[in-house]
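One chain, chain A, appears in both complexes that follow, with chain B as partner in the first and chain C in the second.
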Partner chain A sequence: MNNGVVDPMLEIEDLVHCYGAVTALNHVSVSAAKGEFLTILGSSGSGKTTMLRVISGLEMPTSVRRLRIGGQDVAHLPAAKRNCTTVFQSYALFPHMNVVENVAYGLKIRKVNGPDALKEARRALAMVQLEGKADRRISQLSGGERQRVALARAVVTQPAVLLLDEPLGALDERLRQDMQIELMELQRSLGMTFVYITHSQEEALTMSDRVVLMSHGRIVQSGSPLDLFDRPESRFAAGFMGYENILEATLVAQDGTLGTVEFPGGLRIRGVVTADGLKVGGTVAIAIRAERISPVSAEAPESVEATLTNRIYRGKYTDVTVATGAGPLRLRSWHGVGSETEEIRRVGWNTTDAVIFAAQ
Partner chain B sequence: MKSQHSLNLRPISPKLEPSYAPVWKRLGKWGGFAMLALIYFPLLWLILLSISQNPLGGIPGSFSLEHYRALFSNSAWHKPMLASLAIGVLVGLVCAVAATIIGRALPTLNSPGRVLFMFVVPLFVPGMSMGAALFILARAVLNLKLGFWSVALGHFVWAFPFALLIVLVVTVRFDHRLVEAGRDLGASNWRVFWDIEFPILMPGIVSAALFGFLMSFNEVMRSIFLRGTAETMPVWSWIQAAAQQSQVPIIFSLASLVLLVTLPLLCGVFWLLFARVGRS
Partner chain C sequence: MSEMQQTAGASGTATVGRQGFLRALAGRLADMNFAVTVILSTWFVLVIVPIVVLFAFSFFTTVQFRTVYEPTLDTWIGLFSSGRWEVTLRTLRIALTVTVIELLIAFPFALWLAKGCRSGTVQAVCLAMLTIPFFLDMSSRTIVWRAILGQSGLVNTMLLGTGLVDTPVEWLLYSEVAVHFGMVVSLFPPMVMPIYLAINLIDDTLLEASNDLGASPWQTLSRIIIPLSLPGVMAGVVFCLGPALAAWVEPGMLGGGFVNLISNSIESAYSALRYPVVAALSAFVILLLLLLLAAMYLIARRFGDPSSVSVFRG
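Moving on to the complex of A and B:
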């Protein structure tokens, strides 16, 4: 699926992992290039955390054809022998060591002598703006600071791959957004390969070079954030990436990637076909984001007649529901836009904003 | 006006119910002081009598250290004291090691409650029964000669549940994700245990050792059954006191010394267990 990555730091081929009768990872293959920010996106139970634990070696896979980190075959190596470190969701900082001792621990294990290890650890702390708190106890730190210590402790040993397990999950909204930017900058400046686990599509889209979307132990889609956001290839991907309008219709024509679907009332809509192997005449799904739909007046190329059914004010924007020949559609108008309060007779969108894929 | 009262709601009494009358709070306060006095007054009195000329008179007065001088010039208590110290140290160490091994394994069981209950029951088995049972086992069933070893064994059986409970305070709270973090950072299982798990469990392990020592050092009931002809310090003191010999005043001095050593030790246990562990 992701073959052809140049200079791979992480290579996984045909990974299977079972917990008893439950298959957590079902023939998964992923790879990440040197310096790439790869995000594994999925809801809980999708297998993303299992994947991380298998990479780090905290879990030994049921079977795998190839598992390499930094070019080294690690399939049978224990966690301690692998050239990768993890930033845990719980941070897992050692409570009996102070901040700098925590950061220096990985170096101490690698037999770096005491003063050098401390100097190196302080440099890592400076990188996350915590050099002033090097001698604090862990219990004296805030959640955001603990997060940074965990990050410094993991990067200080310069692993080939850094694994991050929902590291921002426990932080509040504001701090999370700041940390997203900081993480990206840190990753760029270190040139390190990051494998980032999250259930938040916003985090995935903001930070990643590439996103792997998982569901039920399988990879559903992988690609650039833009690909996932605008070109979902399946109903699951569209739903997960936040498409509000997913409608079923019949595919009546396909010319390259341009498809036309027909609704039971005879209404026809065009869109971009993202999935392979759709049959003309078969049932497909077409999806459009609410914020890409807006009221239009004239006979715009991609538009349908609409009747307003509901309008909910949500602060920054207003959610509007209209009835159309395609079924009920949700659209979102930003607060302050002229059309916010006016009567809606037609709604329209760009052809490229509608995507067509298999119904199931 | 009348219709408003048709529901016939009773007004809320301005008086508090008897259960919450202020007298209970006062009684609790003064009752508490009385209890504390009952606990500490005899101990303080003992120390005062031990430095009085005529301790058997019951009233402290004309203070002198003559009984302490007599105690230190008398060597009769050295052997029992040494035996008690040695058995106490041994029991403390064995308790700490055994409680650590079992206390780390216990929380990983599926239903630790039942197993824990079985471990803790000896706390409530009367010392007489346990002493007699061990006596029968060693003497009649196994036909062994009793001595310090059987005293130590009896003390270990007695002290172990306490040690286990103390170690469980720290092992139950131990976050096993720290072990994974250690491995992830490259530490071998051996290093992870000594660098991470042991230091975090340490206050509980040391407390278990100190408590095991104290339980053994003070034990009389089981020792009586299991001692054969061996004498531990409490047994020796008890025999001396019961015999009403002229030795009695020096028993007061000895008891005072033991108290002054064990009380700080006990405070140390609680400090380790609650202040140190609570802080991390």
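Moving on to the complex of A and C:
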């Protein structure tokens, strides 16, 4: 899946990492191109943080066939010798240094002379709009400002790869959204490879060029945000990406990527097959997002008869549950649209909005 | 407290329950103030006042075993004209040597115990071992060394038995070496503990961040660990230097009368009932300690960037 990457800044092949008897990473391969924003998405325990620690060198992998950063083999190099830096979840700013000293730390370590290091550090601080607070103590900064200092400190040495470990996790909703945009802009202006760890699908979809979805130490799926959002290849991916309707049925026909499934009552639905190796006649799962389903009139092509069972007003939108031949389906419509109070007899969707993959 | 009441009064719509809560909180704060006042005044009466009285006593004199309550500098002048410079310098030299040795051994040990030792059991055992000396009286702990270091002691018997020496090694006991040794052993826990606690408080991710930013272990040690553990080092030095300056058991038991320190002068003055001399000597030790600490503070401020010192400035 990584063959398409040109000019790779990060290459990992067949990485295995165990903590005692627990396998945190199970034969994982990932790569990232120069200037790419790669997001590793997964819930806690998926192995995403371990992956980051292995890349940074804070953890030495149990085994790896290839681990390169900026073309250099780093599999046996200590963290200090690797051309990558980390923005830690807790920021890990040095409490005994002020803001600009924190940022200049990496430069001073590299024997850049004092005045030059401070000048560079102030430039990095200007980049994150904190030049006015260069002489503040860390304890005088807000969470968002600390986050920016950590960012400036990590990019000031111009590493080949910047690793970000859920850097927005500790910020409040509003600030997080602003920082997402800022991070993207910063990444573009620096042209630096970012490897971003998060458990939030929203962050992953908003910021990334490519998303790698992980579960239990394995890569479940990787691709563009749109691929992951619209073409999940497994039940786990569909569930993680927020598909509300995942139903089991029997695959009765497949023509290229177009598949047809049949429900126990005889109802047939068509959809896009995203997974390889499905057998006609076998049990599969079909998934449709609630917001892609809407009430339709009788002549619509992909539609089923439906009876309203529940309607819940949720502020911005209304959640509707209907009973159909395929089982209960959830619909979501923006609150205030005309059809909201109408009686529902049929619901429908675009064929490409339904995805078919293995049942397990 | 009045501020609390104002807040409670200002929020006119506040419910009775909320006001009750604030009042209870104000009451709690008042209790705390009261407790702090009690503790501070007790401390003042029991510790500070005696030192002041002691200092005052040093300006009196004794004539025929009776204290003359007339302020004079005679005792202080007598203190330095009677050749006590030598004793003072020896005390200072031994106390500082012992403190430096302690620091050189204790810091690496504390660093290992706090960050290097991965086994919780080993750590617990080490900490428990460090508290053992506090179970025993210092004299009993020290006197044992006579049986080990003496001319017919354990060490010399072994040395003679293995043929490494022909005659017993004499400088092992009743010498400055023995006094140094005794002090280093007994003052190790007070030096290790504060340093261990200070290093233990340093977040591991700070060390990882330093490493990640390219620092070698030595650079992380000198730029992160040492500056952040300075408060513990300062505390360790105080807990070691103070007792070392006032050491009395080790020079008495292991020095065998050959190593005279200020404490021995205090003791002999005390036996002669010359209380003003006792007072002057004790005050002198306290002044020495304060001077040394002030010097150390200045050195520490020089040593790191100014911000590192503010860690223990608060």
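Following the convention adopted for this analysis, the second predicted complex is superposed on the first by the 359 of 360 C-alpha atoms of A that agree within 3 Å, B and C clash if a C-alpha of one lies under 4 Å from a C-alpha of the other, contacts with A are read in each partner's own complex, and residues count from 1 in each chain.
Heads up, the rule we're going with is that a contact is a pair of C-beta atoms (placed from the backbone, for glycine too) under 8 Å apart; a residue touches a chain by one contact, two chains touch by 3 or more.
Predicted model only: the values in this text are computed from it and were never measured.
Undergrad: Looking at the combined model built on chain A, do chain B and chain C fit side by side or clash?
TA: Result for chain B and chain C: clash.
Undergrad: Between chain B (first) and chain C (second), which does A:T193 come into contact with in this model arrangement: first, second, both, or neither?
TA: neither
Undergrad: For A:Q221 in the superposed arrangement: first (chain B), second (chain C), both or neither?
TA: So A:Q221 meets neither chain B nor chain C here.
Undergrad: With both complexes superposed on chain A, which partner does A:F88 reach: first (chain B), second (chain C), both or neither?
TA: Both chain B and chain C are touched by A:F88.
Undergrad: Of the partners chain B and chain C, which touch A:T157 in the superposed model: first, second, both, neither?
TA: Touch partners of A:T157: chain B and chain C.
Undergrad: Should A:S139 be classified as contacting the first partner (chain B), the second (chain C), both, or neither?
TA: After superposition on chain A, A:S139 lies in contact with chain B alone.
Undergrad: Just to be sure I read the superposition right, which of the two partners does A:A79 touch: chain B = first, chain C = second, or both, or neither?
TA: both
Undergrad: Does the superposition put A:E101 against chain B (first), chain C (second), both, or neither?
TA: second
Undergrad: Can A:I109 be said to touch chain B (first), chain C (second), both, or neither?
TA: Both partners, chain B and chain C.
Undergrad: Out of 8-16, 80-88 or 296-304, where does chain C collide with chain B after the chain A superposition?
TA: Clashes with chain B appear only in stretch 80-88.
Undergrad: Starting from the residues of chain A touching chain B, keep only those that also touch chain C in the other complex, and list them.
TA: Looking at chain A, the two contact sets intersect at 56-58, 78-81, 85-86, 88, 90, 92-96, 105-106, 109-110, 137, 153-154, 157.
Undergrad: Which stretch or stretches of chain A touch chain C in the complex?
TA: 56-58, 78-81, 85-86, 88, 90, 92-98, 101, 105-106, 109-110, 137, 153-154, 157
Undergrad: Can you tell me which positions in chain B touch chain A when the two form their complex?
TA: Chain B reaches chain A through residues 175, 177-178, 180-188, 191, 195-196, 199-200, 279-280.
Undergrad: Over in the complex, which chain A residues touch chain B? Could you list them?
TA: Listed in rising order, the residues of chain A that touch chain B are 56-58, 78-81, 85-86, 88, 90, 92-96, 105-106, 109-110, 137, 139, 153-154, 157.
Undergrad: Within their complex, state which residues of chain C touch chain A.
TA: Chain C residues touching chain A: 203, 205-206, 208-216, 219, 223-224, 227-228, 304-305, 307-308, 310-311.
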